[in-house]
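Written out below as structure tokens is the structure these notes cover.
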Amino acid sequence: MHNKSAKPIKRIALLTSGGDAPGMNAAIRSVVLAAHHYHIEVIGFYHGYNGLVCEEYIGMAESLSLIKVNGIIHFGGTILKSARCPLMLEEKGLKLAAETLDANTIDALVVIGGDGSFSGLLALKQYWSGQMIGIPGTIDNDLDGTDYTIGFATAVNTGIEAIDKIRDTADAFERIFIVELMGRHCGHITFNVGIACAAEQVLSFENFNANEQSLKLQHLAAEISAAKKNRHSSYIIVIAENLWPGGAAELAKQLHLQADIECTPCILGHIQRGGSPIAKDRILATKMGVAAVQALIEGKSTVMVAEQNNAMHCIPLAKAIKHKKLVSKQLIDAQQNILALTAQTQC
Amino acid sequence: MHNKSAKPIKRIALLTSGGDAPGMNAAIRSVVLAAHHYHIEVIGFYHGYNGLVCEEYIGMAESLSLIKVNGIIHFGGTILKSARCPLMLEEKGLKLAAETLDANTIDALVVIGGDGSFSGLLALKQYWSGQMIGIPGTIDNDLDGTDYTIGFATAVNTGIEAIDKIRDTADAFERIFIVELMGRHCGHITFNVGIACAAEQVLSFENFNANEQSLKLQHLAAEISAAKKNRHSSYIIVIAENLWPGGAAELAKQLHLQADIECTPCILGHIQRGGSPIAKDRILATKMGVAAVQALIEGKSTVMVAEQNNAMHCIPLAKAIKHKKLVSKQLIDAQQNILALTAQTQC
Amino acid sequence: MHNKSAKPIKRIALLTSGGDAPGMNAAIRSVVLAAHHYHIEVIGFYHGYNGLVCEEYIGMAESLSLIKVNGIIHFGGTILKSARCPLMLEEKGLKLAAETLDANTIDALVVIGGDGSFSGLLALKQYWSGQMIGIPGTIDNDLDGTDYTIGFATAVNTGIEAIDKIRDTADAFERIFIVELMGRHCGHITFNVGIACAAEQVLSFENFNANEQSLKLQHLAAEISAAKKNRHSSYIIVIAENLWPGGAAELAKQLHLQADIECTPCILGHIQRGGSPIAKDRILATKMGVAAVQALIEGKSTVMVAEQNNAMHCIPLAKAIKHKKLVSKQLIDAQQNILALTAQTQC
Amino acid sequence: MHNKSAKPIKRIALLTSGGDAPGMNAAIRSVVLAAHHYHIEVIGFYHGYNGLVCEEYIGMAESLSLIKVNGIIHFGGTILKSARCPLMLEEKGLKLAAETLDANTIDALVVIGGDGSFSGLLALKQYWSGQMIGIPGTIDNDLDGTDYTIGFATAVNTGIEAIDKIRDTADAFERIFIVELMGRHCGHITFNVGIACAAEQVLSFENFNANEQSLKLQHLAAEISAAKKNRHSSYIIVIAENLWPGGAAELAKQLHLQADIECTPCILGHIQRGGSPIAKDRILATKMGVAAVQALIEGKSTVMVAEQNNAMHCIPLAKAIKHKKLVSKQLIDAQQNILALTAQTQC
């Protein structure tokens, strides 16, 4: 992944791609500041890879001055906009992207995004010879090789702030809520939120076998009934999106039909994605932006900057997206211990 | 409504009823502090009217000491719990409630809640001769005769904080969101949130005729298309719950099917109900709690304490619940002016 | 104040002046949207009145497009910047301002600010014949004739959020804190924050006679001692800035020296001034911006837009700044009642 | 540190000591849940070590039921109260503590606190033979051997939320602010907040030699002047408490006197200590509470539970407090790089 014969980098293309994540702007700022420090120009392309392949958006590309990134560290969303770009799955799109990069005399491409965005980078490699680097920006925290992705910490915190509010009503009515959380196909958000909001149940891919859905329903119903018999209080189930067919609403319906248990479903949805990044994500994004520019200068390519044990590293992009990063066994155990403990509580 | 021959009040029963609202605890604290000041004891009954009619909950009733209400002014929910109580719609329930109050030598009953709770009070009047007073605690702000109800200001603010986050993603993707807000059958929350989050569309009972649903859909589709043609940007529609059959999800489906417009539905749901009350609700609740106790001492009964033009008043309970309080024409006009203005915007 | 023979307005100058207040950006947006609706151009001048009198800043003035004010409703601060401008107290400055306005063919000047800013407007009247209107934007809420000024509600809420945090430590250590709040020479913030955070003491201009400082100190010390004897708990004193010579730190020192009472002083300072405006301020600013433009079209001048009992009005600028608006007697009484109540609490 | 011959633990004493930190309640909850799971009783002692040595507080000790710790995970402060306890520095106090523990047939003592609290534990070892374990709860993050202490993440986040607000005013006026942050004698909070709020200057023990104060002042003045000449914008200096003699206020005075630079000092103070813990601190506290109980069962003593690379460990108490944990060089470098970059910015 080292490009030993690399000529000095003069121009970087920068874009954000895939679902937006809090801290993307902090990462943009950091890349621009670091690049300027090394006398490298940064061209911002808009709307993800569309900025490289759609006529309309190519025209929007602009040199990112220091003033442009001043005062954005605390903004959610992304000033470079984002988008999905189906064209990047086709040869036609990849060739167009390569042409745009060459037409703009770009030496290196920096993409802030998740696994889909990084697949795009790897595919582009066949058509474009410049350096390429990924910065992990996704609330899902599912990229392998980095302890944290930009946006994850904020999404977890937004989740608990919402559930703290739901708990007020749940307590007042001693009611059962099923709260559905984002995370696509990984339980990082669900487990962390579940522990931090003292959820009575955490249902996620890691502790749930899809083939045992009906068993699970009976088990869940039994646990709820036992808990509610033991004590008067609220009961909050957090559940990962895409886990239960039909989601939280359908699970609530089935608990009602099959076990006469009344639950209120709540889908947090897109409020988890936006908002001002918490300190952790701002600092992570700042460190990663600097690390990305320094990695480019060192000649690295097709790598993702990563945080491991609080230090910056570079790992191959292919490795980062080969497997989804799993929720740590320690965390799952901690949650299950605490769950076992709370389940037996007699208040 | 004055009870001229009133004997001195020695004991008040206090309960919270109906949907919980941020500030209910501040009101509980205020009633208890004011009552103690006048050497009146406050008995807290739990779980709304159930506390008066269900054996189990009657046993939970307790004298509320000052220490019990210390440090609760900033808590959402209600320490007295809440509930719906179908039994209070029957003669049997009303008689039981009256018996419980008499058995506890209660001189006056204070209920913090909304219109359903106050109907209960009025019905109880036939069976119980003590003084009765209502404190308007509901996020819906639909009680006639008071400028504000406890919890409304916080619910509006929680709504805009959530939509500020959604706006980040909507901006990043230049996407259309339909955000469904609470409010039961009134648009107070919807209009206020709509203006405060700069929503491009506000759909509520006040500006929407249910008979013209299909017309409205066409109109809405045309407006969205026009706005999206004029400029690249996000578009947020806020909609009152119970307005569109099937809610935000169904409206999104219809816009997709009939006009090929893609929208993301978002239902804020119960996060609007909880949370720490903002200053306005804490102050309102504090003033109302004191006013309620003073009104009782003055011999008033079957009234609701109300804020009008920043001052405390008492109005007949029957009047407060006869009609839903309408959203002021001024506010609707302001929203429509701003809407007209933003609609023509060419960014 | 009506300018009957007013020629149609084509160009408005807009500036923000004095201390910044949350919601100023929402007001800027609203003025620009409303003006565009009526085909009026808005020229934004930067850095308060300096934008009219300093060569450097005059050059920064620009026509405010709709896109410029898109997405700013929720930002604290002011995109037009602010400043104090001593030159506007001199004839020379006033003449320069008039020249700038004429050179830009400005028909009307809209200033968002407080009493100092409005004095500037009145002084300018002698030198410039265009229409002039003030929008009350100040956290102090001290302008007479309007129930609320833009920024006040947010500043109060920021105050209670800070004190809620301080209360955690105060409770943990059963300690006494003296928290100093902004408000210049008025107690609006202090009283509202005091009630909303359940402060054990509120010290402000309205309940404090400067001549009786030493008496007050003895009295305060006696009250604290009594309260601490009665119960184990925290004790929070909120105090208005500029009230006690030397402020919270000096008061703490004196309580220690003269009464052996240990207090921790805390000065909230400038965190009260910034931050995203809460819904109330965004709505108020939106209504006031529209009302200001409409008032100009109706030919009004040297007035301030004002909210009274939830409706928009215009009142003479001279009246608005003649006297500081007092804290309502009702609010002071409410606080003192509650104080009296809590003081006797025996927890 | 293993107590091989340990008899089964039946009773744990739990207390919180030293400055309160957000997440202490989450840790209390976790210890109680885990202990109950293993059929161990937890006796809560109040007011730190005073709970063991003062007659009055010993009487307050109580068995902590599951219901007592229900619904406290999100509260700031500590339900067990905290305090400094000078008596624990004397033999008399240590003997009293040992007597209290024995009188209550306590098998193990768990203390949630910082280095001072852990010194107390080590001193107690000479007088009491039970097992002892420390849980690192301090916003300062200065305990060696653990990546994070409970409360640190929240304190950093509270700091940036405050400075985000200050930034609004600083931007509006293009003004210089000096914001003083907590951290006692370590720069963990200062560096993290500095990076996350994009501070133009970070002054802390790690990059500041006390002997070079006057040099530093000249240097700082030069940097500010250069930055302000390059561009119109705000300038925020974050400074660690106890670094500059006289603090932020004195530094502001000196910059004014010696370099004619006007700065506004701001001391965040105790708002950094309270507030609801963010997710990170709740999860850390939950894991540490469980780990502490499990360590006791395994016979460990005089250790501190610690998080290293996201996993739980136990390290000797003596090691944890021997040296203050340093701010990582990586973080200091990151901050200095970014600083160097922003310093040369010409906006």
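Note that the chains are named A, B, C and D in the order they appear, and that numbering of residues resets to 1 at the start of each chain.
The criterion applied here is as follows: contacts are C-beta pairs under 8 Å (C-beta built on N, C-alpha and C of every residue); 3 or more make two chains touch, one makes a residue touch a chain.
Heads up on the chains, UniProt names are A, B, C, D = 6-phosphofructokinase.
Computed from a prediction, not measured in an experiment: that's the story for all the values here.
Chemist: Fewest touch steps from chain A to chain C?
Modeler: The distance in steps between these two chains is 2.
Chemist: Between chain C and chain D, tell me the centre distance in angstrom, where each centre is the average of that chain's C-alpha atoms.
Modeler: Chain centres of chain C and chain D, defined by C-alpha means, are spaced 36 Å apart.
Chemist: Centroid of chain B to centroid of chain C, CA atoms only: how many Å?
Modeler: Whole-Å distance between the two chain centres: 29.
Chemist: Which integer distance in Å separates the CA centroid of chain B from that of chain D?
Modeler: 40
Chemist: Residues of chain D that contact two or more other chains, please.
Modeler: 164, 167, 171 - these are the residues of chain D that touch more than one other chain.
Chemist: Let me make sure I understand the interfaces: which chain pairs count as touching?
Modeler: Contact pairs between chains: A-B, A-D, B-C, C-D.
Chemist: Quick check: in the complex, which residue numbers of chain B touch chain C?
Modeler: These residues of chain B touch chain C: 29-30, 33-34, 36-37, 65-67, 70-71, 73-74, 147, 153, 156-157, 159-160, 164, 167, 171, 192-193, 195-198, 231, 233, 276, 278-280, 282-283, 286-287, 290, 309-312, 328, 330-331, 334, 337-338, 340-342, 344-347.
Chemist: In the complex formed with chain D, which residues of chain C make contact?
Modeler: 16, 19-20, 22, 75-78, 81-83, 158, 162, 164-169, 171-174, 177, 264, 266-275
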